[in-house]
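Could you have a look at this structure, given as structure tokens, before my questions?
As written, the chains take the letters A, B, C, D and E, and residue 1 is the first residue of each chain.
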């Protein structure tokens, strides 16, 4: 068998494609140590005169707060949002996958439909809604809708997962005297854990990158999350410090990168329980 | 008191499919009742209605005399062992066992005691800290059993608990479960069992009584020996026994059974009536090579160790005869002509149309 | 039975969210699509005027729709093929596969970061990597960003490059294929590519379908790619509908009109999704379905 | 906090403005919450807030946005009605530019104009003098060596070059303030398009297609700009530093007098308020907001703290204070002087109305790609612009 | 000519685990060879090396005398039937059958003909347009068989093809496969079979010869009868036979086997040597209740239809005796004292240390 030759081919391909994948990250990291004039002056990855300037100044920011504050704010949004998403989507997916009730098809249809309308046009009505709720300049608009299973993608995904998990354990639990909520908590959630981890990870990364939401709903600088803080000083009509922005970009990407690497095993296993059977 | 009574029990599934057709069955307190039948005959459906996992669409289920139709599974004083064990994959064996008690709010030390007790009975103490995926099939089976035992329920429900095990393990688990049932009974613990299987060996060896089902109907309820020796109808006759009973289409002519151009003289005086089309039933063990009887071509000889199975083609029918290997030494005589002599006391005559056993 | 209400009870968070946070903005945007709302003054009902204009006189809409459709029909199959191909390779047991998986997911983590715009310039600029390669092969260099027919391709390639989530899902599906099928095929004399075509692809059609729907939806809502790379140009060759909706809404303040475009887009995606669902009966093989 | 102020900008502006707010706040006993971001998304945020009536009390507004937010002069508070502001620090021309429908909607923070920057080093190397007329510039086309261009004109800049050429030849701004319609004839505008084409054909600037090939890179990010292979551009006076900073060691960028045609009727300078400070019409305390605005623009506390973070101030007292205290970059000052000194018609904000600007750019692109000829392009722009203007009748 | 020869065949897995320890086995052309052994004994590994699905790390596989180590499965003139059938789930039965031929570029009409032929042999014509999931276990099994048959390979490889079927179906498929093998043979089609199972009934009934494996070693290769009557060692003795052979630890003292305080007189003259620790082997069918022999407590009686199994606890050992139900009518005598008399001609004495059967 020519497995070794196959492996050589595979590795060559993987490394070649992998480099293209990694290039921007490598460039980003390299450039974050460059001086401003060097960033666009030459295309090399390694800085000629490496400097930590970008990191130091970038961390200080032009606000009364350091970048740490903005990370903390991001965390304050991500934490309830992720937890809320996981809980609410698990509940809702459980409802869809395990129970029959009137209008189920229509309700499921709305889940798909919410994915389809470009949100540019719902932005203003939504803003006015949150204004009337008195939620402006708080984190609430950023996570409450998600915590009410508002992210259709996740609901859809978890429903698919659940459909692939046999019901036997749940029945065993019911015979053991558990009610449906206990069954959900003690049996379904642990078995769904890999899928839920994937949901949390996706939500983590997307929230970390979301710029427009915080921009519109948060006006106080002390409440800015990193995504917003990152663009705080980019004024295309004036000059600005590229290396600070790149340095902070690197810091912003880092958590997602680490989390993905650590979780990717669960992540992939997680989806495979549900991915197979439509 | 944990008798189980099914009264005109019906099940019609959402799609309108009628799976159970109003069956009646009384299972006495402490009885080991086996539900047996081919795949799809609604054994599981019946069991699950008793468990409360499936809505009852007609009739009643009574446990200990009390109608339980509207109770949830947790309230029915039952425990169930599933075909694939349905162990909670994320919990250690100990927690799997303790889960029901925990839900019931039993204090921790008591739970601990109960777990240890059950583990001792089932000899699974060394496994308590493993996860289900670290168990072999037989071990998982015992844990599933333990999970049912620990609740000290009135009724045990089993849904093909052994079908995922290999033959050897199945044999030993069979013995273990029956012994356990006896033990519980002698300890005075009410332990009514409703045991679903499609394996007739299990049914025969385990049940106090056996209920044979087909297509949502009960075909016969009887103890194993009666079922084996006096099957009520064609279906039961064909279903029970290994190798299968030979069932040969033919007709009755005078005092003989006629198959093609061969005549088998019989004592037909006992028959209440003479069917138009008859089926002759005889078990392979009750056929011996001899001078008289039915003659055919030996198609194939199966060596089974102590026994051999002779597969003989008699006209269009195939008959199997089982005899000690010592009596039939040569295995390579395929193609030979063989005459099989049935034991006259072990012959059955069935009415082909109604399926009834007329010779009972 | 009681169960009916239990099911709805579990849905209650979703239903609450739907009523409060989704229905109102959805309804509002639908209403606005029948008005002349310009953000600064209260809307006036204009009936079908927006839609009428959209279908009769609006050249930009027609061009933009055409570009969008081209983009979707170009990107979705390419991206799916690429994601599937990489997933297929990453599905083998190799040393360091975790690292590779992470590396291949990096582009998706980067999202719409500036680093990507920079990278794309390096790759496709006049003296970029691609053109160097073309020169090296003795071919003419191509004007990627400046040529209307090529610019869309660069956006397409950008999206294909960010194939991480589709890949992860494919990977999962691949891992769940029964290995003995490949062995059976090998015994039947199949070469690896036979197995891929005749076994792998048909067996993951449910996931291909899922990704297809998701990518299609995302494709129709693509905004960031052209926004950071080409700003819709040249000659509006990358001016996708979401860009147009955005410009109408937030640059020209024609919110009513923008809503109308959005709802037309909504209907288009809806119809395509339904068509996909309908056609899936013909080509998607569901292992889990009853007989 | 009793007041809020929102703006966009870079680090320097953020720091300076927060400091100024602190100073002015202390002075008048207000606390002012600062809401600031980068330029990206600021318009969306402001739009959303305006639609929801939740905008800050003091708002930094881009001058071209005025017709969007305040079509008829009712979008923001009428600043003439607020007594705390000393309007005498601005010329009437400046105030008119910041008015909609005759209502003063914003205070010009700085006045800015497009001027020519040339890379002195590059021209010296090529043995050419820095051009002073269009003809000289075109003469330099193709003579800079190794494929270099003497000039740059992309997108807005290209559009403004066309505008400049038409203004210089006709002496009229795009919009006739009297009729609120396009003042140019189709022939005049077509000549402008052809002039642009001439620049391309003489090798003075790159064609639009070749420009796009680089991937829409900003001029100051281009290595060609840094090393002098693009030797000039037509940019806002206030952005001198942005273009000068990235230049390679030894390259010198200088602001230059307006280039003209021999038959030019005017220098046609494109001068406008760069941005304005507006007061929200929903403000609970507009007078307090006015106090702060006045402090920022006209009082020493504000002037000193803000410095030139928003360009050279339009307010007379501020401009003087900065000049006397030497807080101004001499090059920026030189550029600004050129823009201020040159003559030209008053620039209507409609020049930068998104619909008109968008149409102009799109049409220019089509023209540049050879899809349409100059007369057609001119007609399209004029018809489209008139249609937009008609909405404001 | 499609004999199969394994010569010093070895398999060491990537992790360094040595699964197959240099085995030698010659399978004649047309022979039906069964590989049997407990789970994990490397049956599948061996088979898969023959198939070419697993890399050979030592020794050779020859098919028809030709070394095939480096050929791909498609080039080895083999066909394989998998435990789970591995039918292509998305293809109709017809395409499943045709796939191999299609890949080989056989013209359509010929494929059609071949499919129809095979379908006729296996009686699956009505199933040709179904998907695999629409087949019952037995039907799927036949299709899998058809997929192998259609290639007319030199060697058929089976990996536990029946283990997913229920007992009844298993019994009938057993017969079907053996008959098919014979038919092919008489038609002159070379049809060497290598059949892996862990079910000894299958091994016994199907194999011309049986190869018993354990832990990557071959324990015995012999025809079924020899294996049953003359097991070479403890392992084979325990593995073959149903119910299992009783294997009782004890020691030899004079001319008797001693178990606790009971003595069983034996003729030990044949023994080549006397082991320190002896194991007595006797099949359940060779024990009858009687006056002399080993005495114990009846723990449990299993009714098997024609037979009963008596489970008797003799000291620490449990013995099972099988006898016709007619001879042992009462099932409820658990707790009674029973004496079991072994058939002296069917006794085996094993050396506990080496495991060898000394009484051969």
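Criterion: contacts are C-beta pairs under 8 Å (C-beta built on N, C-alpha and C of every residue); 3 or more make two chains touch, one makes a residue touch a chain.
As the structure is a prediction and not an experimental result, all values here were calculated from the model.
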| item | value |
| --- | --- |
| Farthest chain relative to chain B (centres taken as mean CA coordinates) | D |
| Farthest chain relative to chain E (centres taken as mean CA coordinates) | D |
| Result of counting contacting C-beta pairs for A-C and C-D, higher pair | A-C |
| Approximate Å spacing (C-alpha centroids) for the pair chain A, chain C | 17 |
| Inter-centroid spacing, chain E versus chain D (mean Cα positions, whole Å) | 90 |
| Euclidean distance of C-alpha centroids - chain A vs chain B, Å | 54 |
| Interface hub residues of chain C, defined as touching at least two other chains | 39, 250, 287 |
| Numbers and ranges of chain E residues touching at least 2 other chains | 72 |
| Of all residues in chain A, the ones touching two or more other chains | 123-124 |
| Interfacial residue positions of chain B with respect to chain E in the complex | 39, 163, 166-168, 171, 174-175, 178-179, 182, 198-201, 204-205, 224-225, 228, 240-244, 283, 285, 299-300, 302-306, 309, 311, 322, 325, 331, 334 |
| Residues of chain C that touch chain E when the two form their complex | 178, 180-181, 183-190, 194, 198-199, 202-203, 205, 285, 287, 289, 291 |
| Contact footprint of chain C on chain E as seen in their complex | 48, 51-53, 72-75, 78-80, 82-84, 86-91, 99-100, 103-104, 133-134, 147, 151 |
| Touching residues (chain side chain A, partner chain C) in the complex | 7, 10-11, 13-14, 17-18, 20-25, 27-28, 31, 43, 88, 91-92, 94-96, 98-102, 104, 107, 110-118, 120-126, 129, 144-145, 147-150, 153, 155, 160, 163-164, 180, 202, 205, 209, 245-246, 249, 253, 256-257, 260-261, 264-265, 267-272, 274-278 |
| Footprint of chain A on chain C - complex, ascending | 3-11, 13-18, 20-22, 24-26, 28-29, 32-33, 39, 86, 89-90, 92, 94, 98-107, 109-116, 118-119, 122, 161, 165, 168-169, 171-173, 175-176, 206-207, 209-210, 214, 217, 221, 241-242, 245-246, 249-250, 255, 258-259, 262-263, 265-266, 269-270, 273, 284, 286-288 |
